[in-house]
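Naming follows writing order (A, B and C), and every chain is counted from residue 1.
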Amino acid sequence: MMEKYKQLFKSTRVQLCLSIILLFIFMALLADIIAPYDPIEIDLSKSCNPPSKDHLLGTDELGRDILSRIIYGSRLTITISFVATALGATAGIFFGVISGYFGGIVDTIIQRITEILLALPGFLLAIMFVAIMGSNLWTVIVSVSISMTPSFIRMVRGLALQVRELEYVLAAKQLGANSIKIMFRHVIPNISPTIIAQVTLNLGTSILFASGLGFLGIGVPPPAPEWGTMLGTGRAYIFYAPHLIIFPGLSVFLLVLSFNIIGDKLGEIIASK
Amino acid sequence: MIELVRGENLSKSYNIKLSLTKSIKVKAVEDVSLSIIKNEVFGLVGESGSGKSTLGRLMLYMERPDSGKIIFKGLDLSKAKGEEVRTARRKMQVVFQNPDLSLDPRMRIYDTLKEALECCKYKGDFKERMKTVMEDVGLSVDALSMFPHQLSGGMKQRVALARAILAEPEFIVLDEPTSALDVSVQAQILNLLIELRKKLNLTYLFISHNLSVVSYVSDRVGVMYLGKLLEIGECDEVFNEPLHPYTKLLISSVPTLYMAKKFFAQNHSGVAENGDENVSGCRFFKRCPYAKDICKSKEPELKGDKHMVACHFA
Amino acid sequence: MHQNNVVAEVKNLKVYYDMGDRTIRAVDGIDFTIREGDCFAIVGESGSGKSTLGLSLIRLCPGKVSGEIIVDGVDLMKLSDEEIRKFRCSKISIIFQEPSSALNPVMKIGEQLMEVFTVHGYSKSEAYERSVKLLKTVGIPEAEKRMQSYPHQLSGGMKQRVIIAMAIALNPRLVIADEPTSALDVTIQAQILNLLKNLTKSYGLSTILITHDMGVAAEICNRIGIMYAGKMVEVGELESIFSNPMHPYTRALMTCIPRGLKGLLKPLPGHVPDLSNPPEGCRFHPRCPYAKDVCKKEEPKPLHLDDRLVLCHRVGEI
């Protein structure tokens, strides 16, 4: 089984994507050391300067260094994407496994609620949540995780339904193993490969969602250097100073693409067995 | 002759959803009574869709019957308390057909067996117990550290058997235990089953579509067709002097190494069809060459003393 | 029967699968001849290479194939892809194990059957007539009505009959049936075997039946070849092999099958070897109760005794 995953790291595409992701994580961790300027220090005399020796990626409308803002922004983006995905996946696995494994009335209730949530586009759900709860880092994280939970529940439930009918689960039941043990020992480990692939894809999607909220002005509030917010405010200067949106946009693009490519490849490997 | 497990008037049907509003009821097992005697091997034969696996699962109390009851050593499981049921079920184990699905692919053999011992709250030394059981099923102790995919099909079936006997069961349902194996390996497993039964005083319900395998291991056999038992009797008697036309058809359909003349099978056509179990008369009526009017209108009962048969003309 | 024309001849056929770090020798030097009207059974356990052999005979095998396959005087190995495509179906055809995956689920039975004819240049009306006639031949009741059915409306046995109809549609010389009844119930199996037997007789077909079941082979075949680990270890007339099996593996296979209540079975120890690294010498020696030193070192040469071919060092001694 391990040999299959080694195959993942052999692909040059995956290696490239992985190094992009690691680069951003590295930036996030060491932001204090490597960022050349304070990301929220305003200097109106330098407003909208194009890239130069002093400011490698230029400055924004308030004269803040874009490179520094992107470096600090990666901290926010990565936190949001990892925490939101972790929350969403945990909730999804929890309700999905319970729903699929036990079936019956529990399943019906969870599924109906899931269906209602699925009827609304995930992004709309996130907007509604932030609109009601107000926007700060935590509401953004929770709203992004809520938007991905229903589809997670669906997927996990389907997988759990398959596994619970498998002979080794039936044999464990006949031996008298209790349901919680069976879930943790047999069900979750055996559906984990698919979950991992889905989680990887969701890491990308959640970045997109978080930046989307920021772009609409309901994300992590300014002056925090969030990529989506940067895009949103930079939009007004698109012809006058395109570097305001090119670089944050490129960051979102690279990171999302990298997660998606790795997730796709993982899915491919799992399906090939 | 002590009775070990008895199923009384068992019925089980499944709803198959065709669309949002439409669904059909498939009667997998319909009003079947079966008594299994301690230390015997009861062979259950039937074609696909006959409900033999469902009956096996009902006897294990793995599935709850829609109606009817299971009595294990005098205890009615439908009325028993949770803990009593759990203890009783532990004494009834199962080995399935597909060796690839019967072991968790992510667990080493050691962990699979450890789980079984934990479930039985085994007090002694796990390693020692595993060692003896592995010897019983003819595996070396080295296999304990392996994953299922490192073992051959026959070896996986041996591990599944080891897991079953770790619980010190009295009754084991063998659901097509050799159907996925090659003939030479099948013979190994069949002999192992016979050996273990003697050594550990086991009782088997042996489910198979393969008549020659069933006749090799069984003391008594039952023949199932579309959810009903059509004939029950001593193995020799049923196979040498079958009373029910369906049993006759089954036996004459088996390809053998002797090129015997098989008039019956060669002049037979027709298949078991979905919905045939819902007719009011005998469910073999459509395919039966001896069918008369009464077969169409009245369902025959399973009659007889030792050799029982459900046919109007037996 | 023995003087009949040769329909197919296979000489030194080898099929290797290249797996990067190792080579799987699924079929390793096999020779046999099929005469007109023959029903030749290839019997072996899983992993013996019997299905690979079947596929390679119509050049559908993904592995590296070498040797000669002469059908009706033509060496299939020398044909171009276009030529082999025409050759399939008209001269040689195959029936697979799983009837449900061999038919297209979204096409009517009739359309699929007629396609066989129209592709080979028949007009539509002629194709229709022939298809109906064919369905009747393979024992499908209400053939005209069935032409309009979709595969899922037919039972497994009926589907297999349709597939047989497609296989014999263009009067091929040779039909290869790869486990045609393994997915079916015994009573249906008996019907299908009976059909194959009758077709062989009335159409003058030659058949290769690939199976793991000695009983099935005994039912309809007149010659039989036993395969083990990529080699044909014994070939001969059915009656003579069954009354006097010479190769220890053939004997073992026959004592492995439960037949009534006749004492304990004598199972063969171990299992089929890994074909990427088969044992040296005779491939059966690790499991053979009669193995001697020579069996471990030297590969046995084919030994022809009358109509029999045996691959064993110890023929006559045991």
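In this section, a residue touches a chain if its C-beta (ideal position, glycine included) is under 8 Å from a C-beta of that chain, and two chains touch if they have at least 3 such contacts.
Computed from a predicted structure; not experimentally measured.
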| item | value |
| --- | --- |
| Shortest path length from chain A to chain C (each step joins two touching chains) | 2 |
| Which of B-C and A-B has more C-beta contact pairs | B-C |
| Chain whose mean Cα position lies farthest from chain A | C |
| Chain closest to the middle [Cα centroid of all protein chains] | B |
| Where chain A and chain C are represented by their mean Cα positions, the distance between them in whole Å | 54 |
| Mean-CA-position distance for chain B and chain A (Å) | 49 |
| Mean-CA-position distance for chain C and chain B (Å) | 32 |
| Touching residues on chain B, where the partner in the complex is chain A | 60, 62, 86-87, 89-90, 92-94, 96, 98, 101-107, 112, 115-116, 118-120, 147, 149, 160, 163-164, 167 |
| For the chain B and chain C complex, residues of the former touching the latter | 47-48, 152, 154, 182-188, 190-191, 194, 209, 211-213, 215-217, 235-236, 239, 249-250, 252-259, 262, 265-266, 268-269, 271-273 |
| Contact set on chain C toward chain B in their complex | 45-46, 139, 155, 157-158, 185-191, 193-194, 212-216, 218-219, 242, 252-261, 264-269, 271-272 |
| Touching residues (chain side chain A, partner chain B) in the complex | 1, 166-168, 170-177, 181, 185-186, 189-190 |
